[in-house]
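The structure appears right after this line, and notes come after that.
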Amino acid sequence: MKTNMRTYYMYLFLFLMAATIFIPLYVSVMGGFKTVGELRTNALGLPSNWNFDNYLSILSNNKFWLYLWNSVVYAIGTTFFVLLFASMTAFVFAHVKFAGNRFLYNYFLLGLLFPFATAILPLFLRVRDFGLLGTSWAVILPQIAFGLGFAIILFRGFFKQMPSELFDAAFVDGCTYAQFYFRFTLPLSTPILATVSVITLTGSWNNYLLPLIMINDESLYSWPMGIMVFRGEYFTDWSKVLAYVSLTLVPAVIFFFALQKFIVAGLTGGAVKE
Amino acid sequence: MKSQKFDVILNRYSTLIIFLIPALTVFTLFVVLPIGEAAYYSFYRWNGYGYPEKFVGFKNYAYLFKNRVFIMSLKNNFYIIALSLFVQLPFALLVALMISDKIKGATFFRTIFFLPYILAEIVAGLIWAYIYDGNYGLVAAIWGFFGIDPIFMVGDKDLALIAILIVIFWKYFGIHMMIYIAGLQAISKEVLEAAKVDGAGPFTIAWRIKIPILLPTIRLSVFLSILGSLQLFDIIMPLTGGGPSNVTHSMVTYLYYFGVMRMKFGFGSAVGVIIFLICFTIAIAYQRILMRND
Amino acid sequence: MKLFLKIFILAFALLSFTSANAVTIKWLHLNAENSPNMPGILKAVAEYEAKTGNTVELQYLENESFKAKLPTMLQSNDRPDIFYSWSGGVMYDQARAGFLRDVSGVVSDDYLSTLSAAAANAFTFEGQRVGIPTHVAQVAWWYNKDLVNQAGVDVSKIIYWEDLLEAVKQIKSAGITPICLGGKDKWPVHFIWTHLHIRNGGQDLFLESLNNGGWGRPEYVKSGEQMLELVALEPFQKGYLAATWPDQAGMFGDGKCAMALMGNWMYGSQAANSASGEGLGDDNMGMFNMPATKGGLGDPGDTLGGINGWLFSSSAPDEAVELIMHYVSKETQSVDAANGAYIPVVKGADTSIKNPFLKQVAGNIANSKYHQIFYDQFLGADIGRVVNDVSTDLAAGIISPEEATAQVQESWEFNQ
């Protein structure tokens, strides 16, 4: 009986927490269906009239899809290169003994210690001097650079967990590092690749400040920049903003659901065993 | 024999070079050099146009150390760290312990708790700005239900920081929970079985076995939490913008508000350098004291 | 196949040739889709494109994002040819850094004479003409007639600051919120403090302070004291420090407070932000100027407000200037003025203003000898924001008038 009470309280606690965490999200999604006036009078409840206008007008607006597409391009571009570069780098740190291994690893960790806001102007000037301003690379390259640190930590941890017998055996057979990397490491790294992907994709997807500074051409706007299209100088249409925000949640949630098994597996796979 | 050894060395060094160069290049160009440049700019007065010209030495730094608002933002950052370490992480651990045991609905709870993390910070800030609105937001509706006059948390000097802390908790609780779940699921089943056989109850198992094994994970989570807290920015802007009366600034919002928006980029760079130095010191201290992490 | 290819190449070449002569002009503005300014812009663009064969690219940015992006944007190759400006210090910085183009050669004297001289001058810097004005605005006390009558207040009797304080007391004791204020956005608050500066100090003192410092003068400290007198009466709505400008406008439009010190754009905003979307309606609104202060060096007819317009970036082609000259014309401005979009700067367009409030404002500005551009724009990005900050701190009752002026002085010195 004692166990049942405990279980009961545990579930109660979990449900209450879930409710609290979930309510803000629920309110936003519902908010998109209400009029601005109703947002004020009926914040918590279901909309009295399911006003599809906001959602529909956003979905039918070509700009919305354009911004989403741009965000997708930035996210995938960043993630691809982060996966490639970080795994290669972490591979070297995990398996190759050389002088300066530790030093270089710490060098990359510097990236975690630096708030992006400080780098805005220097980064802008660098991108400009390279002639990349106004291209997708202006967003992708800095994102790769800032994402490498954490990705390398995760990859290195995972690679170190791999059984060394595999490595020794392959080496005896005359396998080069590169061959080992492509033939063994990568295929076995699915969980950690997924984890790093989710984190990098999410980071890029949600990045507001960097595209704002780098992109001037409306046709390259990312979706967070689209929020301001719905907020005029003197008027904030809350229901439109909430609808927009709710819609942009959808891809993020889909990523998450698709890859959530891998996140835990990837984190388990050794990253957290550092 | 000789050629084989040569091959190995060649293999090793060519791999090193080829595998390391891409990351090194991008990272150096877009992270390290900008840090260096920011440090350089911090000694100038510069409004962002053209190139810096007015050298002012340590003036920017001197001003910072006396500035009431900056010192308050430092304090705020430490409050946030304290919240994370003493409220958020224990909570996340507690929930992780509950959920990792493959109870019914574990996936459901996991998903809900993790959702806020995948939201963009600016979106989370906007949603909560709406909720906290004393006139038209959720908070107002709730207070109204109880018949009390709504409290305008976001406009109250004393309560605004608490309002922000709540949102931070809401948003980041999930990622720490996930990290702990991962760590817990990696604990070998034999150990747990053995403990149960010995008659240990769930509390004892949690306290005596799981948590000790989890310590490295906890250390990582603490480290990330501290670094993340020091760099908090996107979430504060839509909620309070650092106000009211500049009491809710974090160091990074301070940088943005007093440096970037006021076109004082030399000054802003100085703030950035200080943030970097603090993070750097903590990282080194962490490594020395706790040895194993990073 | 080969023939087809030849024709294709020929056609392509012809097209390139014609389009090579056509110019693309990039025009960056801050007007949301439903803004009353847009119809005039769109019409002018269509007319211009048809007339010249050039293309105009309109680009929109929201207010705060625009201010954040400005320094980086002006240095990129994508920079707009034409962009919005509140003139003042921010414009001077841009001009000094060489990011603006001197268009004196393109703007003919004939055209210049169609504009109000004061407005045109606001867009010059050290003899260079860097932009063309488009509208002016004034800050005044908007009031809700119903509520004010309920409290038994006669606004025509408000001559001096003390009278205003009395009125506030009366309104408050009638159980009505006297003033709506958007404290979170700060700039609505700075109107109060700086308008008192204008009354207490006047134009000469301002210019003196601007050029030689001395923001701590007794006249300006007095403004702070007077503002604190107001704050002591607790005249603002609950939670005013958390209210944004749209909140303030909506509240006023919903009839939740008696007065608000705001620019003339309040007319449209209070309706747009109200719960019903209708606002107070013309009959129920009134406007009176900031009262005089006893012993003040300023003239009661001096006005606080804006002179807004369009700047040309350093790489702007002549065509961009011609486009703006086409847009800022008596024709367009009369139509816009009649729609209540703004107060025009082209001479004679103001007769088209139908809206009684805009008419009142136009008259005020025309008769004013000293029209001060909003401090937070005029003093530049840094000092301007300090002014906003200290005004809000005063409204929150957490600093003294001396401290407020001291901070402004400190910021001014830092920026010399």
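First chain written, first letter: the chains are A, B and C, and each begins at residue 1.
Following the convention adopted for this analysis, a residue touches a chain if its C-beta (ideal position, glycine included) is under 8 Å from a C-beta of that chain, and two chains touch if they have at least 3 such contacts.
Note that the structure is predicted; figures quoted are calculated from it, not measured.
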Comparison of A-C and A-B by number of C-beta pairs in contact, larger one: A-B
Centroid comparison with chain B (C-alpha atoms), farthest chain: C
Averaged-CA centre spacing for the pair chain C and chain A, given as whole angstrom: 39
Centre distance in Å when chain A and chain B are each reduced to the mean of their C-alpha atoms: 15
Chain C residues counted as touching two or more neighbouring chains: 68, 71-72, 75
For chain A, residues that touch 2 or more chains besides their own: 40, 120-121
Residue numbers of chain B (touch at least two other chains): 48, 135, 260
Chain C residues touching chain A - in the complex, by the definition given at the top: 30-35, 59-63, 65, 68-69, 71-73, 75-80, 244-246, 249, 265, 268-269, 272-273, 275-277
Touch list for chain A against partner chain B, complex: 6, 10, 13-14, 17-18, 20-25, 27-28, 31, 39-40, 42-44, 81, 84-86, 88-89, 91-92, 96, 98, 104, 106-123, 125-126, 141-142, 144-146, 148, 152-153, 176-178, 181, 202, 205-209, 224, 227, 238, 241-242, 245, 248-249, 252-253, 255-257, 260, 263-268, 271-274
Footprint of chain C on chain A - complex, ascending: 36-37, 40, 120-121, 124, 128, 133-134, 212-214, 216-218, 225, 228-229, 231-236
List of chain B residues in touch with chain A within their complex: 11-12, 15-16, 18-20, 22-24, 26-27, 29-35, 37-38, 41, 48, 95, 98-99, 103, 105, 107-123, 126-128, 130-131, 135-138, 140-142, 170, 173-174, 178-179, 181-183, 185-186, 202, 216-217, 220, 227, 230-231, 233-234, 251-252, 255-256, 260, 265, 268-269, 271-273, 275-276, 279-280, 283, 292-294
Contacting residues of chain B [partner chain C, same complex]: 47-50, 132-135, 149-150, 152-157, 240-241, 243-246, 260-264
